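A single structure is presented below for examination.
Chain lettering (A, B, C and D) follows the sequence in which the chains are written, and residue indices restart at 1 in each chain.
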Amino acid sequence: MSGQAPETSKPLPRTTPDSTPAGDLPLAVVGQPGVPFVEIETLRAREFIPAAKEALSSLLKEQAQGKLIRPVFNWAGRNSLFPLHWGLACCAIEFAAAFGARWDAERFGVVPRSSPRQCDLLIVNGTVTWKVAHKLIALYEQMPEPKWAIAMGNCATGGGPFRTAYSVVPGVDKLIPVDVYIAGCPPRPENMLDGILRLEQLIKERGE
Amino acid sequence: MDQEQLSAGLSARFPGKILGVDTFPGTNGRVRFDATVASDLFRSLRDDFHFTHLTMVGATDWIDHREVFYVLWSDADRRYLILSTDLPAESPVIASAVPIWPSANAHEREAWDLVGVKFEGHPDLRRIFMPEGYAYHPLLRSFKIHEPEDLEVKVRSD
Amino acid sequence: MSNVSLYSVAYTLSSVLLGALAHLFPAPIHGWLISGTVVTALAAVIFAAILLLASMLNTILLIWYERKLLGRFMDRRGAMHVGYAGLLQNFADGLKLFRKDTVRPGQADPLGFWLSPTAYMVTSLVIFGLLPISTGWNGGSLPLTLLLALVIFSFAPLFIFLGAWASNNKYSLIGGMRSAAQMIAYEVPILLAVVAVVVLAGTFDLNTIVLEQRNYWFWAPLFLALIVFLTGMLAEMERIPFDLPEAEAELVEGWNTEYGGMLFAFFMLADYLRALVGSILVVLLFLGGWTLPSYVPAALTSFPLAGIVWFMVKTYLVFGLFVWVRASLPRIRTDQLLRLGWMRMVPLALLSVLLAALVVLSHCLPLIGCVPSMGG
Amino acid sequence: MTEMWVNMGPQHPMTHGLWNLRVRIEGEIIKDVEPEMGYLHRGIEKISEDRHYNEIITLMDRTCYVAGLSWEHLFIVAAEQALHVTPPERAEYIRVMSAELQRIASHLMWYSAFVQDLGLMTPFLYGMRDRDLILDLFQSYTGGRLTYEYMRVGGVRSDLPLGFTQRCRQVVDWLMDRFVEYDQLCLSSTIFHERCDGLGVLLEPEAVAYGVTGPMLRSAGSRRDLRKDRPYSVYDQVQFDVATATTADVTGRYLVRMEEMRQSVRIVRQCLDWLDDHPGPVMADHLPRWLGAPYAPMGNESYLLKRNYPTGVGLSMIEEPHGEAGAYVVNDGGEHPYRVKFRSPVLINIWAAKRYLPGYRVADIPPIMGSVDVCVGECDR
């Protein structure tokens, strides 16, 4: 990689501000042996700078209003929901089945991760007891923002058949904010996927 | 060894402490015994009558008393036996079966947790299902099922 | 087109950009901007940017490729709803992770926690500047490119262990210790396998190593070394069956348990960058790089950028092999892994060095070259 | 090396459910373990005291969510003893066939989870895929995938649909081929043997003392199988062998479960043959009115009141996929059972981890605990 201006077969056009006005400078590019010599059309700087300024300021304004980048991140966020890999009760079996060959939740970019730090979605798939309640809250709090929660099945939604039991939390929304409820005892894997797709719709509508 | 032989053998070993041997569906009989001889009876059943497995320990709250039952299995004779004893409701205490059958450990913890029967000599008699510090024994008849609206957050263990 | 190189492309771009920019300024600055020094400097920057972009795009494509291939092995389809056939899935994942909060646990060491993923990522990227992918398409061409690449490649356990220690999490720490032990154990057989290649090629320069394979590809005389190298690379990349540093079943996510957001994305990307580097090294050292056997019709090798195309095809096929292994083998245990590394792989690698020396000394290379299926 | 306690759970990929394994480790060696349960204690025994007998069946499906029909069977056998009801023979055959299909489904679920613990990703999906075929069968005659509410005191809710037996035969034939494939994926791999041979050894005397049952006990050479030892339902009418192994380790448990699935297919085929030849009623005649028709009109529940009905008590022990499950039902003459007590094999099998885990490495915990086949629902109840 030589730093010297190399000799070329063509004479280099010397340009000075005196000979030609600044806007009409013919453009010349130093070449290197073996590198094709390139010429491009003259740019008119007097028009270019205001136009660029205007475009930039409008971009910044849109960015400030959240019209530019936010939809992109919204699209990314809703299409890549990583649920936390944990099983509470019956629904966890259907949760696992949804990642099986027949339903394959990975089609929608849903990949379970074991560490709450890497998750966006807490799927409460089963009965929550008071003994595990504070661990559930801790897991939810360990997840970084933005995050969502789905109450999967009747137990997580409202206690289900164990609503009257002494040890069961009657609905996980008493502990954490829930975005989507999925009915069923347990919901079929299609229902779970439907719930996730509805959450995607919700994220899109909220424009987060 | 049938029911009569068992009854005779046990009565000879523990005179006056075997309160009766009756039939029980699904098993080869139920032995009702006095809780004071529990430990010796267990050892005798394991060593002399080959009941090597302790399958289940449970307790029932009959309000005026509490019944503790044991389900035993003899591999040699391929049969079940039920032991049953009544404990006073105010002080339900019985000797632990853990020294004889280690498998009793979890069962007895469960019976203590849910029905409140104390097992003396148990190495680690803590609650197994409910968190430590829970105030009730939920399977007692006096513990009523609440509607969830009445249910307070009673439990926050650490 | 054969004289087009990565540097010439960068230089052209730099010239065009600076030429356009120079119009906006008066004479002295104008002249300085189009002077050789500045153009060369910008060319170097653009060169690096192209490398970065190309390696990143390739990595993301590689993740997609693995997900789809793994899905097929598992009788399912993998990502398919985001973009055409799920091609945009990994972009969505990356953007989402970029936007997510990065939580540093209260007890974690700040410097180590932030430094480790960044350094891991950067060192993995640097290797790309050293790997030729076709004639002229490389960054620096030093006499010791191969050695330098492997040295940088072996920085990783340091940073992994640093991040694991800084996370202040038991799972992370155990995962980090395992990772360091594993990588150090497998450095040795990998380097010995490389020594076998070097003995045959007589140089550490990757370009020359590829040129030396014009008559026969090295996998034929060095089959043993190839096996050792592939196994070692699996361990270096921490892929099944050697993925125990992040063994999901016992250590939640291994050493990156506490990492989320962009830092986790760095780890993830760097893992796949390393996988890409591993596959490229296999192609360069054993599978003839961008060359094809002489009996292949000329039409297949003479179109523009044919070298790069064939190189990428080979690289993806090698990576497909790694995916295949991942889909069909269980994970082994730390002590078994170390035993395998020290007791089996090292002797095998030594044997392969010996074989390479024998091949060179006995001058039987032309014989191998006669077998057409072995390349050349 | 310093010692430290590591919590594995309740959210941990190894546990396959809500429980916590506290492990004291020295380096990578396990010194002591302390299983903690109760994170899924839903008070099923207490709720059952407030339910009609046929309503408890609903809870049974949720008690063990991978073997719902086996647990329905368990409760029904005990309840029928306590209530003095005898089901027709066809219902018994349907129950046995359902329980054996459920055993295959449960073992397939175990297989999926177990190989995933080993790091084998592909067979996980194969196991789930083939399990879905059995769930499809269940769906065709019970309507549910996991929770069936199919068995009733006095029989089963409805007869099998038309063409069921042919379809079921096709599925089990297909499964028999898949079992060969599973064995190829696992047993032919050297790494599988490196990971599983000689791990988690629990010899027969210890297993008996610690109350361990099911495939874990049979892998130690014991031939104890309640289906043979004390045949309930119509298990004395069908031919099958007890699957045993002698190694008492993880591989032994794998072999036992694989063989059990083959034997279950054998039983299912015999049941299907019998069911083809013997049409008939599936509910007992002359059921007391309070036991009710399966579909009771809403609102009018006065007929459910039970009057002057004899008291009774029932104990049933059955060979559930995880081990020996027990149900103890006290009928005091009221419309609800007075006391229901279940024995969970999983609780005892997990608890015995104190015996079979120490001495091995941390990395061995997933295969060993995976070979136990944990279902926390029935463990905590």
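In the analysis below, contacts are C-beta pairs under 8 Å (C-beta built on N, C-alpha and C of every residue); 3 or more make two chains touch, one makes a residue touch a chain.
Note that the structure is a prediction, hence the values are computed from the model and not measured.
J.: Once the contact rule is applied, which chains count as partners of both subunit C and subunit D?
T.: Per touch definition, common to subunit C and subunit D: A.
J.: Tally the contacting C-beta pairs at the A-D interface and at the A-C interface, and name the larger one.
T.: Looking at contacts between chains, A-C has the larger number.
J.: I'd like the Å distance between the centres of subunit A and subunit D, where a centre is the mean of that chain's Cα atoms.
T.: 42
J.: Determine the centre-to-centre distance between subunit A and subunit C, using the mean Cα coordinates as centres, and give it in whole Å.
T.: The answer is 26 Å.
J.: From the mean C-alpha coordinate of subunit B to that of subunit C, what's the distance rounded to whole Å?
T.: 64
J.: Where the centres are mean C-alpha positions, what is the separation of subunit B from subunit D, in Å?
T.: Using C-alpha averages as centres, the distance is 24 Å.
J.: Among the residues of subunit C, which ones contact at least 2 other chains?
T.: 74-76, 248, 252
J.: By residue number and range, which residues of subunit B touch two or more other chains?
T.: 129-131, 138, 143, 145
J.: For subunit D, write out the residues touching at least two other chains, lowest number first.
T.: 12-13, 38, 41, 43, 46-47, 50, 125-126, 129, in rising order.
J.: Run through the chains and report each pair that touches.
T.: Those chain pairs which touch are A-B, A-C, A-D, B-D, C-D.
J.: Please output the residues of subunit A touching subunit D within their complex, sorted ascending.
T.: Its residues touching subunit D are 84-90, 92-94, 96-97, 99-102, 114, 116, 126-127, 129, 131-132, 135, 139, 161-162, 164-168, 185-186, 188.
J.: Any idea which subunit D residues touch subunit B in the complex?
T.: 37-38, 41, 43, 45-47, 50, 77-78, 81-82, 208-212, 222, 224, 229-230, 312-317, 324, 326, 328, 330, 338-339, 341, 343, 347-348, 351-352, 380-381
J.: Residues of subunit B touching subunit A in their complex?
T.: Contacts found on subunit B: 129-131, 136, 138, 143, 145-148, 151, 153-158.
J.: Mind pulling up the subunit D residues that touch subunit A in the complex?
T.: Those in contact with subunit A are residues 10-13, 16-18, 38-44, 46-47, 50, 58-59, 61-62, 65-66, 109, 112, 125-126, 128-129, 131-132, 145-147, 376-377.
J.: Per the contact definition, I'd like the list of subunit A residues that touch subunit C in the complex.
T.: 1-6, 15-17, 22, 25, 27-32, 34-36, 38, 40, 42-43, 45, 48-49, 72-73, 75-77, 79-80, 100-101, 104, 106-109, 113-115, 117-118, 120, 142-146
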